[in-house]
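Written below as structure tokens is the structure these notes are about.
As written, the chains take the letters A, B, C and D, and residue 1 is the first residue of each chain.
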Amino acid sequence: MNRLHVELPGLSLKNPVMPASGCFGFGQEFSQLYDLNTLGAIMIKATTLEPRFGNPTPRVAETAAGMLNAIGLQNPGLNGVLANELPWLEQFDVPIIANVAGSEMNDYVEVAKEISKAPNVHALELNISCPNVKKGGIAFGTIPEVAAELTKRVKDASAVPVYVKLSPNVADIVGMAQAVEEAGADGLTMINTLLGMRIDLKTGKPILANQSGGLSGPAIKPVAIRMIYEVSQRVTIPIIGMGGIESVDDIIEYLYAGASAVAVGTMNFSDPFICPRLIEELSNKLDELNVSQLSELVGRSWKSYAG
Amino acid sequence: MIQQEIMRVVSQREIARNIFELILEGAMVQQMKQPGQFVHILPNPGLDPLLRRPISVAHIDKMKNQFTVIYRAEGKGTNLLSQYTVNRQLDVLGPLGNGFPINATDSSETALLVGGGIGVPPLYELAKQLTKQGVETKHVLGFQSSEVVFYEKEFSRYGETYIATVDGSLGTKGFVTNVIAEKQLDFDVIFACGPTPMLNALQQEYKDKKGFLSMEQRMGCGIGACFACVCHVNEPVNGKDYVKVCSDGPVFPIGRVVLT
Amino acid sequence: MNRLHVELPGLSLKNPVMPASGCFGFGQEFSQLYDLNTLGAIMIKATTLEPRFGNPTPRVAETAAGMLNAIGLQNPGLNGVLANELPWLEQFDVPIIANVAGSEMNDYVEVAKEISKAPNVHALELNISCPNVKKGGIAFGTIPEVAAELTKRVKDASAVPVYVKLSPNVADIVGMAQAVEEAGADGLTMINTLLGMRIDLKTGKPILANQSGGLSGPAIKPVAIRMIYEVSQRVTIPIIGMGGIESVDDIIEYLYAGASAVAVGTMNFSDPFICPRLIEELSNKLDELNVSQLSELVGRSWKSYAG
Amino acid sequence: MIQQEIMRVVSQREIARNIFELILEGAMVQQMKQPGQFVHILPNPGLDPLLRRPISVAHIDKMKNQFTVIYRAEGKGTNLLSQYTVNRQLDVLGPLGNGFPINATDSSETALLVGGGIGVPPLYELAKQLTKQGVETKHVLGFQSSEVVFYEKEFSRYGETYIATVDGSLGTKGFVTNVIAEKQLDFDVIFACGPTPMLNALQQEYKDKKGFLSMEQRMGCGIGACFACVCHVNEPVNGKDYVKVCSDGPVFPIGRVVLT
């Protein structure tokens, strides 16, 4: 039996490592670098009902051990993704997690309904936490009642399990997690980016054309670990953890905190081969830790265990 | 094919104030196809700074497995880069993007190469390859002041070379466009790389000419996956209303991209 | 006229740079390294009504471009500070900003009342945002009504202007800022630390004995800049900015964002001479920027200005 | 006086598996007073890693303006440190803390120096200074295994030296306490540095002896300002119920600090 195997609602993963949404497009570019079949899953870029161009540029800025982005959910729209992106991905034996976004609840519901029918979409990731769009996005992610309502409606519409992606820009992450769990979420993915800004010293204006953007990368890892540690003890649904993962030790830290699988975002840019590398290293790490199944590590930081 | 390679520093020297010429060695050089392609360099292992820096290929030497970049040490990453000494190792991703189409010109034609500041480097390999093809090249290179002028002699080897400096400390005072007008330079095709206002001026002036412009944008991935570097286009390309500078460009036919 | 001079409620600062609370003790240690008279002000460690030992150790952990702390407000208590720390600081010609903390509203009020009478205390910093104490602390900092009520009561008790220190662990920082402004705050200091955690891979348990702690350092700077940018446009009281400042460029970025002065925390540990160094460099920077008065830079990122 | 100094690397060598001996040169050496003091080293300019690393002074050479540290390359910072080669520069803050009081012993007495792992280094300068004062020193040094044993010969020069290894691959199998019991070592004063369980065992066993223990704690500032490194004490000291390891210690009289 494959020690790296992870079983989650809708997802039978050969390993727990997947690229995070928005950092991997729809896979085509990275497929030129390595075989996508090595991945546990792929979280594709957010899909909205209509095609979107997104925000003006500059859309990224560097920060200490992190970066800001304000892409603004650029994507070819539901029809484009259904017609081109998903069929192309069918050549790989990798479950796709479709990231669903919108400005109105109805948009979300419509996208969820259609995209969840695609044969290789095994789960949805409900993006209620994107900081970079004027309407919707993060608003859904900071008010528990709204998030719950949206979760319920998407869940009703979806043919596959629904993971809700939580925003860290809240005072009470546990309350938010419990609200969406109660509304029927099958799992959580956390965390999305923190809201941040950098100012260009030459112009005196924000670097990003959108002014503020989402902070990601190693800088935010401690925030993610803290939130997963708290939430995993208070919900029964599984968590896919993300935020600054750059090493196999980081993966272990996420598992200990309470994540069942992990996603790598920003670090794909600094090291485009990071996902296959981590998957390889993870196997050795399990030898070192002397565990026969990855799941033994999940939640170790708060579970009492023998040994 | 795009490779990630730990390359060896062959040499590094400051060729003008804060302008460095860095020669790197490795197998990736064999993959370099066109002048105007770029590499994505990680200035430091570790997390600070985090992102790679896009730098154009300025000269390719396939025999020696070496290539040259020329860059300005400005911010955190490029300053760190300038501290790499001979034989140290550097993490490079490349070659990236689509460069200048040298086949778009034939040997009976004259090409005008226009560079501004750190937009000058990719034109050097271009001048070399065009000359090799028998194309006549003229070069107009613009800089802030004489202290940051570089490669004037090197370009002269391939053809007439004019310098413009904003402060007039060398060559014509003013911008590259002043030189072209003043010297009444004639050409069949124009190739340019430099700051957006310069490209914008050229695009407006020569929209009916054959020409190719190399663009800059802040980048994340450098390979087309993150949508950081998109630009609007004047007419849809392959059904899309945008292009990505990193993977569709950085070089585009004149008139294609909306410049402002 | 001194170009670095900054005039704020209760504070006439010879320059805008001061050490942040908790990163400088009560000044004695750093006074062995350099002359404290060079500083714009000193934000002393939080004072509570009774002496506190604080949390068990380990109390700090390193993170990417940042650190976590869970000191737990260790301090000698109001009487200790009044009897020993503040009198010792009187030898310096530097305004003291006293950081006030507590578990109950009454504690805050009592400390504020007494400590504000000390001759060298020119302002209070109301710490409603400490993540490292079980009672009070951050609870006051995440509910606008509670924060407002506390501000009002402390303001009534205090003999000097009151600055409220905001927690970044909220969804709506502007709402919080406006609530305390309305309640009478004379200024804001922002930001305090983000809640974070790291897990020790050897033990599988959180590194900090307190489990979670406050994330500080350059990693959080983009969050601080974003919040100051938003808040400074929506309140009329001045802001003292902090979070990861490590260079004179960072100071300029804070001023552009809307801060009127800045505090340096974590970086005092990596570079104990950072405050005097930044003060010196700031003067040169003003030459470079060609400004005759520091205040011209405040809020440049959102103010339209000529030139 | 505490100084921050950019010091020069005089030498760096691996003296046992992952154990490095690093010699640094600079004016700060003149300020070093006692064995057992430490320095706070910034392993890297830049922000990653962010914090300094506390490392004990293992040997002082005032004539040459040099001092030695011995450390284990383990995490991010110490691994970076181990890559510093001769003549590179390192940002050091020090000397910090209060070390072993060598005047607490007179020349008629015998001192037992007990070190565990990377707690061994500060005892080396202590052995030297005590010997110079005419004090007889015996050394018990505990390690995990023979591969990480270091400085056995160097200590032997100053007095009887016993090694314990947990796996028995060198010297006595077990802990330093096993050696002391087994060899029935006699002494008037004990000095120890090592992991807390070792210090705890010694403190319980020898609470009525004259002795001094050097402690470790995770640190922020290293100079007493941040309250990261406090420990409870058994009896109030100067009216306080705690001490700071960085500025009150790292060396404390046996029995003073609550160890668990």
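The rule is simple: a residue touches a chain if its C-beta (ideal position, glycine included) is under 8 Å from a C-beta of that chain, and two chains touch if they have at least 3 such contacts.
Chain-to-protein mapping (UniProt): A, C = Dihydroorotate dehydrogenase; B, D = Dihydroorotate dehydrogenase B (NAD(+)), electron transfer subunit.
As the structure is a computational prediction, the values presented were derived from the model and not from experiment.
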Query: For the chain pairs A-D and C-D, which is connected through the larger number of C-beta pairs in contact?
result: C-D
Distance from the mean Cα position of chain D to that of chain B, given in whole angstrom: 55
Statement: Rounded to the nearest Å, the gap between Cα centres of chain C (Dihydroorotate dehydrogenase) and chain D is 36
Statement: Per the C-alpha means, the centres of chain B and chain C (Dihydroorotate dehydrogenase) lie apart by a whole-Å value of 46
- request: Give me the residues of chain A (Dihydroorotate dehydrogenase) that touch two or more other chains.
  value: 63-66, 217-218
Message: For chain D, give me the residues that contact two or more of the other chains.
response: 47-48
Message: Which label fits the chain touch graph of this model best, line, ring, star, complete or other?
response: complete
Task: Note which residues of chain A (Dihydroorotate dehydrogenase) are touching chain B in the complex, please.
output: 22-25, 28-30, 32-33, 45, 53-54, 57-67, 69, 71, 74, 207, 217-218, 246, 266, 268-273
- prompt: Which part of chain D faces chain B closely enough to touch in the complex?
  reply: 44, 46-48
Message: Considering only the defined contacts, which chain C (Dihydroorotate dehydrogenase) positions touch chain A (Dihydroorotate dehydrogenase) in the complex?
response: 63-66, 68, 142, 169-172, 194-199, 201, 204-206, 211-212, 215, 217-223, 225-226, 229-230, 244, 249, 252-253, 256-257, 300-301
Query: Residues of chain D touching chain C (Dihydroorotate dehydrogenase) in their complex?
result: 1-2, 4, 42, 47-52, 93, 217-232, 241-242, 247
Message: If we count contacts the way the header does, which residues on chain C (Dihydroorotate dehydrogenase) are in touch with chain B in the complex?
response: 64-65
